[in-house]
Structures are given as structure tokens and as C-alpha cells.
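Down below are the structures I want you to see.
Both complexes below contain subunit A, partnered by subunit B and then by subunit C.
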Partner chain A sequence: MLDAYHISLLTVMGISVTFALSLNLITGFCGQISLGHAAFLGIGAYGAALLSKAGLPVPLGLAAGALLAGAIGAVVGLTSLRVRHDFLAITTMGVGFLFLGIVRQQDALGGEMGVSGFPGTGLDKEGFMVLVLAVAAATAAFSLYLKKSWLGFAFDAVAEDEDTARLLGVDVARFKLAAFAMGCAIAGLAGGLYAHNVRFIDPDSFGFVESITVLSMVVIGGIGSVWGVIVAAAGLSVLPLWIQFIEDYKLLIYGGLLFAVMRFSPGGLAGAVAAVARRGRTEP
Partner chain B sequence: MTALLEARDVTVRFGGVTAIDGVSFAMEPGELLGLIGPNGAGKTTMMRAITGVVTPDQGTVVLAGRDLKGLGTAARIRRGLGLSQQLVRPFRDMTVLDNVALAAGHAKTAGPWGALARVDRSAERDRARDLLDRVGIADVADAWPGNLPLGFLKRLEVARALALDPQLLLLDEPLAGLNQIEAGQLADTIVDLNRQGLSIVLIEHNLGEVLRICTRIVVLDNGRRIGMGEPRAVMADPVVRAAYLGEGGGHAAA
Partner chain C sequence: MLYVELFLQGLIQGSIYALVAVGLTLVYGLLRILHIAHAGLFTLGGYIGVLVTDATGSLALALLVAAVTVGLLGMALYRVCYEPILNKPPFVALIASIGLFIAMEEIYRIVFGPYGLSYQAPPLQDSVVLWGMHLTQAELAVMGGGVVVIAVLALLAEKTRAGTAWKATVTDPQMAQSFGIDTVRVRYLNFFIGSALAACAGVMVALMNNLVEPTMGSVPSYKALAIIVLGGLGDVRGTLIAALALGVIEAFGTIYLGDLMDRDAIAFAFLIVVLMIRPQGLLGRKA
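Right, the complex of A and B next:
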């Protein structure tokens, strides 16, 4: 059987994989960058924590947090209809700060002190780990299915060239909003699981560093590649837990990795693996 | 018979420049209408006003009796327009076949949730292969568009527009970039499509092919309509001849 340490590692890993796949849906599949994705992790976490504190059963709290994050995500997605690329990056970054600003100022949301003392899931550590891993696996399966579906096909078109997608009858606005709604709802679910795992949440857990961290996971894994993002998210989420040095210099190391990937392998891990495989085939 | 497409007094201004100035014309179902004129006459702007890429400052465009005002490009495509663009814009991350298959699946991409529920692409890929065969580029179906010469990409644009099953096909210079043999073949394909009942608006610089295949033409110059009617008669009009031959007389021969 697993010891408590490995159970906690796998739980953190599962939450990170779910969170990273949720951003991959928006940025990887549909081509819409977000630098404020941690806000949706936060919305789901606060939603689940406060609702279960108010007496709602835990599963309903998790679902409500996810729905709330998805609904707000669709509203934020409306900005992607007006601005593109770098301006969308700045706008979503603003949304991230807006979330922090609101949460810090509201006593009802715990303010700077955060939220604690909400009821648990009733599962033991191992049971909770199984739940988290099941959610991560379901998210991965959904991602793989989506990519094969006509929605994924249309997302490819929207990500590459919106104007031409319109000329093929794709209602670009609705497809982008769908991507934001789904991606943010899954981020909200990951946030609810995070809240129940840590049993304490405060605004700092959902700041700009978290948004950059999750974007690093997607870029390093390979934008749009489900397997690449899973590997990158699993690896990058447990490294700081294994090695204290990485926790201390997290932003520096992730920033450096992000830069290195963009410079040397824009396709990320998935792209690098594909390139090595191609070389292996062509060289006798 | 009601008109399939009607432009009523369409005016488009870009800043201080009037690109189209009060242009009206109508076409009946089944026509192959040539929209011609010298460079800068406003042909592509007219096409964009029809597809909703630009919004007219005045006037309206009516398709099959319905005013298109306020509809976005995607909605107009779903009302039955198909456009082959002058400047080719293939999706370079998809094969040639999938470029056409995506268009052929327009019924499956009507909305995101319906699209999410559907996976199978085989019927659309079969149809895409037929259309690529029809425009003569079936042998590059599995190639990536980034590696293909312009002549292939122009025909890909046409195949993609056909895959939308349009009531009205808009072709913006489909023959440009093709050699004489390829241009003649594609022009014949266009005639075939028209004979099978498809209504087509053709913008084209290759005047020889336009006069050979179009049943009627509209001539624009400096944003105004200067001629409309049966091709030979219109080209005999001194005003049209002056616009075409007045400066750089080689144009009509090209």
C-alpha cells in the first residue's frame, strides 16, 4: 500500500493535471491565451469551500463551484471576441488580479485570512486520492474525445485562422465561449478538489504565479497535446514538493523552462518527442 | 422569378475613400454572372459586402428574398453562400483533405454542443475526396497545404467553397495563378457546376475566360457600375471599352 507521503503527492499531481488540462482546452485546443486561469481555480475553490461551510453537501458544493467558474469563464470569454493574442493575454491577466482584489476585500469571502474550517468530504486520504485521480482521468479522456470530435476539428480552425473559420460557416464567437465555459468549469472543479485537499484557502493560492505555473505546464508539455500536458503537469507539480530548492525559486525555474521551450522546442515535450521519433525513423 | 441575389444601392467607404458607390445589380437563380472591372474597381469590396466582412455604409444585400443586414459572415454562409477567396487562406495545420472535410461537415459544426456529440468524419472525407477530384487535385489530398504551389491552393479554395453546398457560389479570381491549361480546365469545371444548376458570381481578371463562360456580366470602374448585360454587348459599349482600354490597352488581351 502507498504511504501517506505518496498519497499526498499523487493527490497534488491529479489536481494539477486536471487544472492544466482545463487550460489546454482553452489555449491548446481553441488557441485563446489566458494569463489569469488561476482565478477560475480560485472561484471553484471558494465556491466549494463556502457552500459546504453553509451546509451544502460536498458533491453539490464541488459541482456548484465548477458551474460558477464556467459561467464566469464564459463572461470573460466575451472579451476574447473583442481582443486577440497579446491583448487577450493582458485582459485575462487583469481578470486574475480583479479576482484577487475582490476576494481580499470581502469579509464574507474570508478576506486576507482566507477560508478554513469547512466540512471535509468524509473520505480518508486514500479515498480522496482515488477521487482526484478519477477526475483527472475523466478530464484526460474527455480531452482526447474532444480532440477527435467535430468540436475539436472546428477548434483547430478557430485556433489557426478565425476569419477563414467564419467563411466555412463556423460561428467563431460561440465556439470560443464554449471553450472558455468548459475549460473554466473544469478549472473550478480542480479548485474545489484543491480546497478539500488543503482544507484551507486564501487569496495567495490563486495568484499570478499560479496562472504562470499552469501556463508553463501547458507550454512545456506541448500546447494542445493531451499526453504532453499530463506529463508536464504531473512532473512540474511534484518537483517543488520533492526538492525545496525548486519551491524557493519556482518562478525563476518555470520562467526559464518556459523560455527554453519557446526558444528550442516550440512544440514542447510532445513536439520534441515527435522530432526524436522522426529522426529515429529516418536514420538507419 | 425572384432574384437569388440582389445588391441595392450598396455604398462602402473606407475613411475618405469611396470603394463602392451606389452599386445595384440582381441575379436570377442558375446564372453565371461575371463581375469584372480594372484593378481597384471595387470588385473584391463588393464581394466582402455580400459575405459580411465589410458593412455597407448604405444599401442592402438580399439573398433569396432575405435582407442580410446584421448577419455575421458565418450566418451568411449558413444561409447558402460559399466563397473562394482571392488570397488563399488554407488551414496549414490540416491536410488538404481535412480542409475540405471541415467545410463539408458544416451541418455538424452548426453549434459547439452538436459538434461535441459527433466524431465520425468518414462521410465528409469521402465527399471532400470527390470535390478535390472535381477540381483536379485529388492526388494531393493527403499533403499539407504549406508545401503546395499556388495553383493547387486556388483549387483547394474552390473545393472548400463547394463543400459548403452553397446556393450561390462566389469565386474571387479563382483562375489567377493557374497556367493557361489549368485555367481552361477550371473554367470548364465552373461551367459544368453552373449547368448542373449552381448559381455563381465570378470575379475574374482573365477576361477571355469570363467572356467565354459567363451568361451575363456586371462591369465596375472606380466603385461605380458602368455596364451590365450580355457579355459581348457590354464589352462593345464605348464607356466600358474606355475604362478597360483607355489606359494600358493590353488589359483586355491578357
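Right, the complex of A and C next:
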């Protein structure tokens, strides 16, 4: 059987994969960039932690956290109807800072000290790992299904060229909001799982660096590619745990990778694989 | 009294934002790149400032060395990092730039250590009394210097051939090129000036706080992004006004909204509110 170390490794991996796939829904499928996605991880985490501390059963807390994140995500999605591209990137970044700034000053939300001492799930480490991996697998399956569904095609149209899509009668606003609501709700669920895994949350766990980290998972995997994002999220989340000496250089490696991928292969892992496959086919 | 003090503090902070943001808006105006790594150059300017001042005792020399070195580095950054990805979708350059910025901060941490450097004998620390308030010379220099530098820049853009070439390239690169303007040189000049200004801002901030840290660029960098968006991306005058306004709003906001959210959140709340009402920025024209 698995030892405790590998169980915690797989748990972290599963949460990261879920979180990265949730951003992939918004940025990959629907083409709306977000530089503040960690805020929704945070909303889910705070929701789940505080509600279970208030005595609500854990599954209800998790669901409520996810719903809250999805609802706030839809509100934030409203901004994407007003501003696009670079402006949207800055606005969502602002949302991230707004979340942190508000949580930090509210004693009811634990302030700088964070929240701890909330009841656990009642599952042992192994059981919790199975739960996390099941959620990750369900998210992956949902993503793959979505990609092939009519909703996925509509997202594609919005991502590709929203003016043309609007001209063709696609209700761009509704699909953008749907993408934000779904993506943020899943991020909130990942956040709830994160809170129950670490058993302690504070504002610093959901800052700009986390937003960039999850964006780098999506970008390095290949924006919009479900498999690419899974591989990148799984790899990047355990890289620092796996090779201890990386921990100190973790950010340097993230930053360097992010830059190198954009500079040399903007399609990410998925793009690179596709390019290699194409080259293989065209050779005699 | 409190109001005057808050207002002046806001203007000082705003001048720093302005120095950082002008370079950013120059780059955006020309290339449509959100050049986040700009703040990494600002930090490098701070480090060079402290090292040169400590070695030679001259702040003027430190400013010159920082401006020239960082300016050249900015040009190199454009050539190596941005030029090859100019034709890709906008998020490509944005994300590459964020990656670059994170990597730069980490390099400073590894090279100069995590705790930062201070001036051995910080210059310009004597205090000056202005309207009954004590300000250091460094703070006055930042406020005056920021406004003067940007005014001179605006004047150069209006009155000189290089300025005309720059404006032409911003308006329509292809047309400018067919009129014989060397648009590549304009871009290099653009990066040189923007980066040199950021370096000067870095030196002055290091002086005001008497500290340079690897992460000193983070907050100005995100704020500067908010500012150039507020100023109507690529507009130097709008950027100056937005920077000063944000400095003042933050100063007052921390007093009146401090219980609700922290300083950074106030800046971004203001940004979001403005963008929802005027998506083109405070002074931007309708696209």
C-alpha cells in the first residue's frame, strides 16, 4: 500500500489538478484570462472552513463554499462583459488583491491570523486522498465532456472571436458568465478540499503568486488542453515536494518555465506534442 | 492639517508610482505589451543605486550608472524577450513578462540575499519644514524630480524630431516606416528611456525607505498596471494624473476605509469601480 508521504503527495496533486482545470474552463475554453483565480480557491476554503466551524456538516460546508465561489465568480465575470484582454487581466488581478485586502482586515474571517481548529472530514488520510482524486477525476471527465458538448463549442466561438460569435447570434454574455460561474465554483470546491487537507488557512495562501502558479499550470500544459493541463498541474504541484532542493528555487523555476514556454512554445506542452506529432507525420 | 499632510504623503507616493508607470505606459503605447518585468528593472535600479553610492559616495553618479545600465538592459530585454513574440496573442507576452518578473525577483534574492541592502550613509536625509510639516530632502526630491522628469519627457515628445518619430510610430507603425522613420530604433529608445526612469525611481525609493529588497518591485508593479489602465493605456499625461490621484486616494482611503480593506485593495477597488463606469480609463477616449 501507499505510505503517508505518497498519500500526501497524491492529495496535493489532486487538489492542484482540480484547481488548474477550473481555470482552464475560464481561460482555456472560454478565452477569458484571469490573474486572480486564487481568490476563488480562497473563497471556497474560507467558506468550507468557517461553515464547518459553525457546526455545519463537512459535505454541506464544501458545497456551500463552492456555491459561494461560483456566485461571486459570476459577479466577477460581469467585468468581462465590460472589459477585455489586457484590461480584463488587470481587473481580475485587482479582484485577487481586493479579496486579500478585505480578508486581512476582517476579524470575523480570521484577519492576518487565518482560520484553524475547524472540524475535519472524519476521513483518514487515505480516504481523504481517494475523495480528492475522485473530485479531480470527475472534474477532468466533466472538462472532457464539456469540450465536446454544444456548450463547449459555444465557449470555443467566444474564445476564438467574440465579435463574430455575437454577430452569428451566440449569446456571448451568457456563456462568459457560465464559464466564470462553473470555473469559480470548481475552484471553490478545490479550495474547500485544500482547507480540509491543510487544516489551516490564512490570506497568504491565496495571493497573487498562487494565481500565477495556477495560470502557469494551465499555460505550461497548453491553454485549453485538458490532458496537457492535468500533466502540468500534477507535475508542477509535486515538483517542489518531490525534489527537496527545488523548494528554495521553486519560484525561479516557475518564473523561468512560464517565460520559456511563452517565448518558445506558446501552445504549451500540448502544443509542443502536437508540433512533434505533425513533424512525425509529414516526414516520409 | 491632517488633510494637507495626507495630501502631501499621497503626492509623494503618487510621484513614485508615476515614475514607474510612465515607462510601462510608453511600452504599452508602442507595443501593446503589459511589461510587468518593468518592475524588476525598478528593483535592479535600487540595488545599483545602493551599491554605487556606498562605493563612491556620490548619489548623482549612482543615478547615472543605474539609469544607463538598466536602460541598456531594458533594450536587451526587448530584443531577446519581446521582439520574437510580438505577433502572438496579447496574453502570451503578458504571461512571459510575469514569468520574467518572478524569475528576476528570485535572482535578486539569490544574488543579494533575502533581507535587502541599506545605504551605509544615506544622503538627502535632512528634514525640511514645509507648511509646518517635516519632510526629508529625499521625499521632496522624489516629488519634484518625478514631476519635472515627466514634464520634460512630454516636452521632448512635442518638440523634438525623436519625439515626433515616437508619436508617429505609436499612431501607425507601418505608415511611420514608409515615411522613413526607423521604427526599430524608436522601440529601442522607448525601452531605454522607460527602463532608465524606472531605475531612477528605484534609486529614490531605496533612498526614502533606506532599504532595497528583492520584492520591492511587486507592489509598485501591480499598482503601476492599475495606473496605466486608469490613465487610458499608452497616454503619458493620463498616467501622470492617474498616478498622483491614486497616491492621494490611497492616503485618504487608509484613514477612512482602513477597517474594511488594506491599502492595496483600496487601489484596486478604485480601479475596478472606474473601469466598470469608464472601460476606456479615466481620461481615455472611447475606442
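Quick note on the criterion: the second predicted complex is superposed on the first by the 281 of 284 C-alpha atoms of A that agree within 3 Å, B and C clash if a C-alpha of one lies under 4 Å from a C-alpha of the other, contacts with A are read in each partner's own complex, and residues count from 1 in each chain.
Quick note on the criterion: a contact is a pair of C-beta atoms (placed from the backbone, for glycine too) under 8 Å apart; a residue touches a chain by one contact, two chains touch by 3 or more.
Owing to the predicted nature of the structure, the values given are computational and were not obtained by experimental measurement.
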{"item": "Per-residue touch tally on subunit A - higher for subunit B or for subunit C", "value": "C"}
{"item": "Contacts of A:G255 with subunit B and subunit C, given as first, second, both or neither", "value": "second"}
{"item": "First, second, both or neither for A:F87, with subunit B first and subunit C second", "value": "second"}
{"item": "Partner chain in contact with A:Q105 - subunit B first, subunit C second, else both or neither", "value": "second"}
{"item": "Touched partner set for A:F175, first subunit B, second subunit C, both or neither", "value": "first"}
{"item": "Which of subunit B and subunit C A:I212 touches, first, second, both or neither", "value": "second"}
{"item": "Contacts of A:E160 with subunit B and subunit C, given as first, second, both or neither", "value": "first"}
{"item": "Touched partner set for A:L151, first subunit B, second subunit C, both or neither", "value": "first"}
{"item": "Subunit B versus subunit C as contact partner of A:F97, first or second or both or neither", "value": "second"}
{"item": "Subunit A residues touching subunit C - in the complex, by the definition given at the top", "value": "33, 79, 82-83, 85-87, 89-91, 93-95, 97-98, 100-102, 104-105, 208-209, 212, 215-216, 219, 249, 251-252, 254-263, 266"}
{"item": "Complex contacts: residues of subunit A adjacent to subunit B", "value": "145-146, 148-151, 153-154, 156-157, 160-161, 163-175, 177-178"}
{"item": "Footprint of subunit A on subunit B - complex, ascending", "value": "51, 53, 72-75, 77-78, 83, 85, 89, 91-94, 98, 102-103, 105-106, 108-119, 121, 160, 164"}
{"item": "Of subunit C, residues touching subunit A in the complex", "value": "32, 34, 81, 84-85, 88-107, 110, 218, 222, 225-226, 229, 233, 258-269, 271-272, 275-276, 279"}
